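One structure is given below, encoded as structure tokens.
Letters A, B and C mark the chains as written, and numbering starts fresh at 1 in each.
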Amino acid sequence: MTAKEFESTPSPHLTLPSSPKQRDLRAYLPHAIVWVVLLTAPLWMPLVGGYTLLATRVLVLAMAAMGLNLLLGYAGALSFGQAAFFGLGGYAAGETLMHLAPSTPLALLIGMLTGGVIAAILGPIAVRLRGIYFAMITIAFGQAFYFIVVNWNSFTGGEDGLLGFSRQPLHFDTMTVPLSGINYYYLTLFCFAVVAALVAALLRSPLGHAFIAVRENERRLQFFGVKAGTLLWIAFTISGFIAGLAGALYAQLNNFISPAALHWTLSGDFVMMCVLGGMRSFWGPLLGAGIYVVAENLLSSYTDNWMSLLGLMFILIVLFFPKGVLGILRVRVKA
Amino acid sequence: MSLLNVENVSKKFGQLAALSDIHLKVEKGEIRALLGPNGAGKTTLFNLISGMFAPTTGSIHFNDDEITQQSVEQRVRTGIVRTFQITEIFKELSVYENLRIAVESDMGISLRPWLGSTQKQAVRRRVDELLEATQLASKAYREVGELAHGDQRVVEVAMALAMSPRLLLLDEPTAGMSDHETEHMVQLIRQLHQEFDLTVLFVEHDMHLVFNLAQRITILDNGRWLAEGTPQEIADDERVQAAYLGGSAA
Amino acid sequence: MELLLFNVLNGLLLGVFYALMAMGLSLILGLNRIINFAHGGFLALAGYLAYTLLPYLGFFGALIVAPLLTAVLGVLVERFLIRRLYGRDPLFSLLLTFGLVLIMEDMIRTVWGAQGLPLQTPAILQSALSQTYFFITGYRVLILAIAVAFSIGLLLFLRYTKVGLRILAGASDLDTIAALGVNIYQLRAISFAAGIFLAGIAGVLAAGWQGLTPQMGDALIMPSFVAIIVGGVGSLLGSLLGGLLIGVASGVTSAFYPQASQLVIYLIMALVLAIRPRGLLGKKGVFE
């Protein structure tokens, strides 16, 4: 096969092309653009009527959605309980700051661990079911945690949420960096970059390949001696870690966390972000989170009935744009 | 010692006897065809050999080891690999990606979240070898779902090959194929049989193909063993003619 | 002792609502293969419609008409939205019905306001039936009676009518009955409407018991999911029993440890999943 034939062969894949010859600049371009946009966000956001806090919010939600997409878009598992790990990570972070130590990195670590460990424990139970039933389990678990948080007043502040903590300056040997709005944005971006890099690497690994195989043809995988349940459990746990970290970042964004962060409506929002952006695309969740936050902001400033409009958006996407924005774009590229 | 020894095997589904008293011995390096009218029990026998369920009575030995109760995964590991009547592939992935998954599971690294560069190269090399051997290299990066049916079945064979089979079970490998594709598959099977030192047991309906490819033929009828022999012996066998071929052989 | 009985009765009543919701959901899940997230929305809508119709039709009139109207809406939703989801990835039915409930709750809020509203039940039902067991009001007995009636009615309907049998058969194998000439479009519409009707009944009854709020459906839909899981997917009787079980468990827990009364529902679910994934009356082999 000549080099020319290689280059003209479209490669509509979810990861970087596997052939060395195809790793030319064109494949890296979309990624480069995304990073440039993210790195310069505090500069251009005000120009379009936004503000840094909004950008940080997008990143945090995108991170949770990206973790969810491992399950949803790649492994094909209908997880509708991502908010539970997100919210629990947030509460863990808040509690850490309040009771353990005034350290933001520690809060982030504990938030992440909380999400991951709980997912790891619930995983084996959840993965015994598939399809809609798996979705129902994840929803139910999510609600269980919601109720625990709402009712455990003394520890969590109940319905009113948890107050009384705030993000702490980062202490390095040579200096102390206060986490102002912009600085916090870059900290969040850093975490996001690490997560994105790890997820990208994961998707290129045999484990990542196996995730996709589970989605495509679970029965076939059985013949390869790979247990779908184990795979789903691993995906579930990883997505829990990521959601926990996102939640911890979220809690320190407003220095406040409430049970709403665990509610099934937020879980639904995360799923929507993945679908909206494009479930089969690496950057789908980020794009979806961006559109969602913008829509939420715009709509709520124009009308009281923004929830109806949001619901309408869900319906329209399901009926007319199920592949999401990036899915549509990719079809055009292929054709 | 035969590579595969199916002894006295019967399979009942409730009251229905799908197979009764089946004896089958396949020698190492053979290409054996399994024939019979629809409902004769060929797929059931395949399912038994590949481990999808256990026989009601009887035993199955592979390389003198008893495998009657072994699971599918265990049998795959000992080298019994099969393809299906209806293609079971990962449709939205490329040929390369399909083969890669097969290779990675054969290498036992399916669950690794990270591969060193030597291992990555090893995987790549094996996939390339398979692509070469099955003449799929030019289609490596195309989505399998978009390939012609014949090519999809070749991908399936390639995936089976990736599992380092010693006994390859092909369930109607040329079903739904054009003459041209069938010819290609026959050549391919012959080539792979030589190149990889395989033992092949296949189910087919295409007589021409069977007589061209098989070294020996076993015929089943109504869940029972009917006849066995070389293609010529079978063609001359009156019982077979009466029950199955309906006259002279192809 | 009275306290325990009080809580158990409360739990039983709650369980009745869970059961009604769960059966409706299970019907739709079984035949239409759709997770109807909007079930709670229909429940609330029926309650609010009853509120508006009450002055004209009286309580019992509203109790009949409101669920019927809601079921009609259900038929329209099935025809124009749900029908496009059959055969697709279940993810989309979840998302669509999720979007639907957002719209429904918002619309309810817009039309009737976000404040809680009461639904007046007939005066004769409001008094207690006994001095000692003051909490056994006529209304609560009515709720139980209606729930029992509808449950039995539904089960009989499915077993002994032509349409019912088709629904049962269709839940197992839709393609086969379609090949046999059954109009599955009609069947699916009927099944969906029946499920929504049950939700509607539950909505009006719940409104009479606990009042109306736009989010009243939310609190009931989750436990209904649990009821289906505990009772066993694919079994309507299972959903009924599952609902009653978790309701009573919740009630009993209220007597001793009120904060855990909701949590115990999910603990039961986790327990059932760990020990017997198919649920109490579920069909074997679906998941194991």
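Operating definition for what follows: a contact is a pair of C-beta atoms (placed from the backbone, for glycine too) under 8 Å apart; a residue touches a chain by one contact, two chains touch by 3 or more.
All figures in this text were calculated on a predicted structure; none of them were measured in a lab.
Asker: Measuring from the mean of all protein Cα atoms shown, which chain centre lies nearest?
Answerer: Smallest offset from the overall C-alpha mean is found for A.
Asker: What chain is the most remote from subunit C, judged by the mean position of CA atoms in each chain?
Answerer: Following the centroid criterion, the farthest chain would be B.
Asker: Taking each chain's centre as the mean position of its Cα atoms, how many Å separate subunit A from subunit C?
Answerer: That gives a centre separation of 33 Å.
Asker: With centres defined as the mean C-alpha position, give me the subunit A-subunit B separation in Å.
Answerer: The answer is 43 Å.
Asker: For subunit B and subunit C, let me know how many angstrom lie between their CA-based centres, rounded off.
Answerer: About 51 Å separates the centre of subunit B from that of subunit C.
Asker: Could you list the positions in subunit C whose residues touch two or more of the other chains?
Answerer: Residues of subunit C never touch two or more of the other chains.
Asker: Of all residues in subunit C, which touch subunit A in the complex?
Answerer: 29, 33, 35, 81, 84-85, 88, 90-96, 98-103, 105-107, 110, 222, 225-226, 228-229, 233, 259-260, 262-263, 265-267, 269-270, 273-274, 277, 287-288
Asker: Which stretch or stretches of subunit A touch subunit C in the complex?
Answerer: 72, 78, 80, 125-126, 128-133, 135-137, 139-141, 143-144, 147-148, 151-152, 264-265, 268, 271-272, 275, 304-305, 307-308, 310-315, 317-319, 322
Asker: Under the definition above, what is the set of subunit A residues touching subunit B in their complex?
Answerer: Interface residues on the subunit A side: 1, 5-6, 9, 11-13, 17-19, 22, 201-202, 205-210, 212-213, 216-217, 219-220, 222-226, 230-231, 234.
Asker: Give the list of subunit B residues in touch with subunit A in this complex.
Answerer: Residues 72-73, 76-77, 81-82, 88-94, 96-97, 100-102, 104-106, 109-115, 123-124, 137-138, 140-143, 163.
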